[in-house]
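Input: one structure, supplied below.
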Amino acid sequence: QQPPLRIALIGPMSGTGAFEGQLGLEGAQAMAAVINANGGIAGGRKLELLTYDDKGSPEDGVSAAKRAMEQDNVDMIVGGWFSAVALSMKEVTRDKIITVMTSSQHPKVTEEGHKYLFRLNATSAMMSEFYSKAICERIKPKSIAFINVNDDWGRLELENYTKLLTGCGIEVKGHEFYNRTDTDFTTALTKLKSLNADAIYVAAINTSQGATIYRQIKQTGYRGKVIASAGNMNPKLVELSGNSLEQVYSASPFTEDGSAPSLKPWLEQYRKSYKNEPSFIAALGAQAVQAIAFGVEAAGGDPRAYDKIAAALKSQEVPTVMGDLRFSDKGQANQAIHLVQIQKKQIVSVRD
Amino acid sequence: MDFTVFAQQIANGLVNGMAYVLIATGLTLVFGVLRIVNFAHGEFYMLGAYITYFIGTLLGLDYIAAAAIAAIVVAGLGIAANKLIFWPLRRDHEFTILLSSLGLALLIANGGELLFGADPKYIESPFADEVLDIGTVTLTEQRVLVFAAAVVALVAVYLFIRYSRFGKMMRATAQNPNGAALTGINIKLVHAYTFALACGLAALSGALVGPTVMIFPTIGNWAVLKGFIVVIMGGLGSVTGALFAGLLLGVIESLGGGYISLGFMEAIGYAMIIAVLLWRPNGLFSTARGLR
Amino acid sequence: MLKVEGLKVSYGHREAVHNVSLTVEEGELVTLVGSNGAGKTTTLKAISSLLRPSGGTITFDGERIDRMAPHQVIERGLVHVPEGRQLFPDMTVLEHLELGALRGRPGSMGFAERLRWVYDLFPILAERRTQRAGTMSGGQQQLVAFGRGLMANPKCLMLDEPTLGLAPIIVDTLADTIKSLHKSGITVLLVEQRVDLALRLADRAYVLETGRVVMEDSAQTLLADPRIKTAYLGL
Amino acid sequence: MNINSNGQTLAIAAGLAALAVLPFLSGNAYLEHLLVLWMLYALLALSLNIVIGYLGELTFGHAAFVGVGAYTSAILSTQFGLPPLLGLPLAALVAASFGLVIGYAALRVVGPQFAILTLGFGAILFTITNHWVDLTRGPMGITDIPPMAIGPLTFTAARETYYLVLALVLATAWLCHALVTSRTGRAFLAVRENAPLAASLGINVFHTKLLGFVAATAIAGIGGAIYAHYIRVITPDIMGVHNVAALIIVVIIGGRGTILGPILGALVYIGLLESLRVAGPLRMVIFAALLTGTVVFLPGGLVSLWQRWRTSRKPEAIQPAAATSYPSAEGGAK
Amino acid sequence: MNPAGQEILSVSNLTRIFGGLTAVRDVTMSVQAGEVVGLIGPNGAGKTTLFNMLGGSLPPSSGSVRFDGTDCTGAPSHVMGQRGVSRTFQITSLFPSLTALDNVRSAAYRTTRAGWGAAILRSAAYRREEEELRRKALEILAFCDLDHRADTLADAMSYGEQRRLEIAIALAAEPRLLLLDEPAAGMNPEEGQRLVEMIRRIRARGVTVLLVEHHMRVVASVCDRLVVLDHGVKIAEGPPAQVLNDPEVIRVYLGREPVDA
């Protein structure tokens, strides 16, 4: 019997990001269960997940990474749900241990290209490239206004989409930034409504803030279109938003009706173990586990052969729940993105 | 900007302000009357919201009944918290009591997260999505309800403290517990009732404000801070003060956010508080405690 | 009526009152004499349940009261006018008097009557009924405390230095009041630093030294006692 | 607080020796990291204790000054290439200047009003940090902060940093000890205990408080700068209310108004949170329950355990009885 | 120190109004250095209010206060303290959770010099001063009959002891003018006699004393001169024997209390 492959899962388990952290953890655990049930990797090695709470704060993220490496002596690290945490954590783990960053979209994470660092989520630029086309060609509003969270991502979104959408003739009427701690958005939405834009684009990461915004858009009496930012649609959000998300579009690398072979067993396992619905964030968790398992397998089963593992990941296609992944030399994954829409409170992918 | 938007922002501010007032009302009781800085007040607010939610979804009771039950249950919890923590510590230094309430807040918030789950929830209310058009202003019925309930709660508490026998006993206990005991006041009972009332009100605020937003286990943090600000700015123990302070804060935030900068909305609110306190150190409606 | 037996009271590890026994019969006026720190206040606080005794028993009207809460003691008609006034600084004079009557024994006089009685005794209270107690002068505050105690319609009144801070002329009024209260049948336990005055008013007296009763006799005898004269009267 | 008894001198010497060898006993880099966190918290708690313990005022703004110090040194070293060592005094200076201005305004009021004013100023500093993207990089924070260096010695590893912060903690402890045994410190206590009486004795209450507040903010600034160079990333979160709460917990649970208290409190805070990891999801619940329980059963903080033990052996020493410590209604003290 | 007989305090037309109530009205009086002056009058006459204005804790509505030749009208409390005016408060006021010794040491702020910096460096001057201060504080405690209570918390003392500690605190500031507000309250006649002795010794140290007191034996035996207030107005002034026999003073203030002056 070989010792298990120990993976540290560092994410927000408490505080404002706790729900997103929980989804990611569930996704990873469901995938680990699937792999273990199939006999593990590299000839019977099981996966063991250790969880660490970064509370969404860089300090705790650094502490957690140190603890995972120095105290618990783990083989791999999965983390980086929030960009700020990802950026500080990578300074501690760089060149020391294979680290898979998950949902952070910040370009700086993979800018330098540390040799053991990988990031799964598409960057802002990749997402907007795809989504703006869909907006221009399918949704076709004449004018648009933005409500974005005030952080690098939210600012980047505004910048990208303003450029891309103006490019296809959509008039940008204005924007508002809200704080990560806000709970009420009526003031901002009152301003946006008065702009009389054809559509309002909502860039919200946090599920509860998102749901509040979608509900309050309707409650202010706005009757135009609503467009949800890419990568931030999940079943919980749909449930919480009531009718206010009906017909709203979003973009996501994850759809339940995908064709990857590993998708179905994972979905089943997930549904069996957890009461949440499978979501993009959960899929990122699963993907991280799959990437690691694949790398170790490809490197011959030694979880500490970091150079080999990294080389394997960068040179081969990694099969995951969201299809086959290809990592760039700097460790950035290239995800396929799909257009989705909420129809009768279901997230369905829109295929032409 | 045009008048419609301005009127709408004022209305938004008034409703938000009233929500602050509603939260502050219970705080005024324990803080203004018993001089206990109760950081756990926000958690009772959170509990109120969650209990309303669970009674609604699990027992299927309607919203109003659920809110009433939540208020009663949380009032009971308030009595328990008083018995276990605040009553035994009543003679200790104010900072000690403050820390105990901080500990209680952490306990309830984390316990809540464990018990209720980290996922946000939404309290279904029949009034939440019903939109009323009042002149050029658009408000949901829920928001109107928050406003009305706050007015009622505030007037009731004011009359209670000012004129009821029990209110007098509360004030006496606050100002000199030993003297109160020697006057024949059952100060233990006064403490218990005060907490019951305050926590019940906190829960009611949670139940009422809940459907205007989402609820999650850390909403208490926000609530308790706003509550404190309103209590202090209004003047310790002054209910009228709390009303004005809450409305002022709500309107300034909404106008500041609407016309200056949304990102600085809270900071603008704080700037106003600082200005008010520097101008009137004991708050807007302080019962000036002689000259020092 | 009031019987204290083997009373012990400690602050932390330090015992301030050791084995004090005293009795006050119905209708008596008894005084407790002792220098600073002798334990007079501590004894009274123990009787009115502000402090929990670490030993001994206290009975009032045949009923054990040493395990009761202060408000229960007052309901039985044993009222304590404390040292240091213990007022509510932001409440008005009238509110103090109302609170005083709140838990008092129901008696022959109604609230309004009693209020008039107290106002007659101390006209300044009537004049200042809406003033906040915290802004009154020291002597005025003392009267508020006394008035508040009277409003409870006491059967037995414990007074801890009631003349503290009072002008001589008011001291006279107060002494007359105590005398007439006593005449009207109210039992009084008096602690007073104006020892001469106290002994002249009292029937009997106990002398307390460092937490122990060292003498006990009729007030007249003690007033003449040379030890008392030098130790307490400064003669 | 005299160090005249032999037993006490011995205890202090033993304590210092233990602190000096601690990193060698841990044998694990992560534990050393925890030791650094302990010392950092101890340093910040000692500074907060000057306001809470000695001046008797509650401040909710302390984390903001920690943040100002951290950002000052971080910005100077990343954008202007200033050596981190120079950043330390500058961080102290800038934090103290903020402390001076804010204290000058806020110290006009006392009690809960002061607490709310500091909360307000703290929140405004937070908002500015969060939005002045050009200077602070806003919510994303500053990354790649160089490690602290003194000459050729760079403090990248936890062990070296531990000794650096330990030295600062000891210096601050000495500062506090000197304070309470000096005329200035006795004025602090007088102001805390009874401001009107203190004033009647010639003590300028406002200046005394301002001095204490500024000193506390200067030390907080240094603590923040060290933190920035150690963790090497900072975000506006450092100024958040939860950090204030953590520091208040440390000071009061240890024992406010003492020197050992904040240091012990920090140890318990860090140690407990760490050892409770075994409890999994129950961790914070157990922590909060222990915290609340400790407050209820040990209202004077951890150091009061020692005082209790001493009084139980020396019955003459008098403690105020719980039963009579209500401040008198009209008394000048509070 | 001022040579005896020189005017140290002069108050002219001092008035203080609270809302509709004139607590002190147009009071003019002066105190010579080295004197012990008694300030008496019925409850609510305005004695404490007058003290508050002299001590700087209450600004006067009108009128002026001169201390030692400089105009101090409306000067804040700490300035008066620094100039050498110390006071006790009618309602007990001390540093409750400090020991008696520390109460006195804290009170010696005005007379000490070595501050925080010196303490950090443990300079020789600092150590000398601390030693001296400790000795002086113990001496003051002994002077007030409290040396056996040096390590007791102020909070844990009986009322009478607290009153004496207040005097010790005021003395520690080495005042030139000492304002005592009812120091004998809570003392029995014998203790009152001891207080008289104490005040005499304070005076012998060169301190001028202004005394508010309702215990006529104390007042009569220690004061050189009395000033009587009633309803905020000065109604009499003069040597004790004369003032205490003034029929108006007897009518409004003394009643029938026997006085052996």
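Chains: A, B, C, D and E, in written order; residue numbering restarts at 1 for each.
Convention: contacts are C-beta pairs under 8 Å (C-beta built on N, C-alpha and C of every residue); 3 or more make two chains touch, one makes a residue touch a chain.
Not measured: the values here are computed from a predicted model.
S.K.: Would you mind checking the shortest number of contact hops between chain D and chain E?
M.R.: Counted as steps through touching chains, the separation is 1.
S.K.: For chain C and chain D, which third chains touch each of them?
M.R.: B, E
S.K.: Quick check for the class: compute each chain's Cα centroid; which one is farthest from the centroid of chain C?
M.R.: It is A whose centre lies farthest from that of chain C.
S.K.: So which has more C-beta pairs touching, A-D or C-E?
M.R.: Of C-E and A-D, more C-beta pairs in contact link C-E.
S.K.: If you take the mean of the Cα atoms for each chain, which one ends up farthest from chain B?
M.R.: The chain lying farthest from chain B is E.
S.K.: For chain A and chain E, what's the span in angstrom between their mean Cα positions?
M.R.: Chain centres of chain A and chain E, defined by C-alpha means, are spaced 74 Å apart.
S.K.: Between chain A and chain B, what distance separates the C-alpha centroids? Give it in angstrom.
M.R.: Their C-alpha centroids are separated by 36 Å.
S.K.: Starting from the mean Cα coordinates of chain B and chain C, work out the distance between those two points in Å.
M.R.: 43
S.K.: Would you please write down the residue numbers of chain C that are in contact with two or more other chains?
M.R.: 11, 50, 84-89, 134-135
S.K.: Specify, in ascending order, the residues of chain B that touch 2 or more different other chains.
M.R.: 110, 113, 175-176, 178-179, 263, 266, 292
S.K.: Quick check on chain E: which residues sit in contact with 2+ other chains?
M.R.: Counting only residues that touch two or more other chains, chain E contributes 57, 91-92, 156.
S.K.: In the complex, go through chain C and note every residue touching chain E.
M.R.: Within the complex, chain C touches chain E at residues 11, 33, 35-38, 41, 83-84, 124, 135-140, 142-143, 161, 164-173, 193-196, 230-235.
S.K.: In the complex, go through chain D and note every residue touching chain E.
M.R.: 174-175, 178-179, 181-187, 189-190, 193-194, 196-205, 317-321, 324-325, 327-328, 330-333
S.K.: Chain B touches which residues of chain A in the complex?
M.R.: Result: residues 13-16, 18-19, 21-22, 150, 176-179, 181, 183-184, 186-188, 190-191, 194, 207-209, 211-212, 215, 218-221, 236, 240, 242-243, 276 of chain A touch chain B.
S.K.: Would you pull the chain B residues touching chain A in the complex into a rising list?
M.R.: 1-2, 4-5, 8-9, 12-13, 15-16, 110, 113, 117-122, 128-129, 131, 133, 138, 140, 212-219, 222, 253-254, 257-258, 262-263, 265-266
S.K.: Which of the residues in chain A end up touching chain D in this complex?
M.R.: 13-14, 57-59, 62-63, 66-67, 69-71, 83-84, 87-88, 91, 106, 108, 150-152, 155, 179-180
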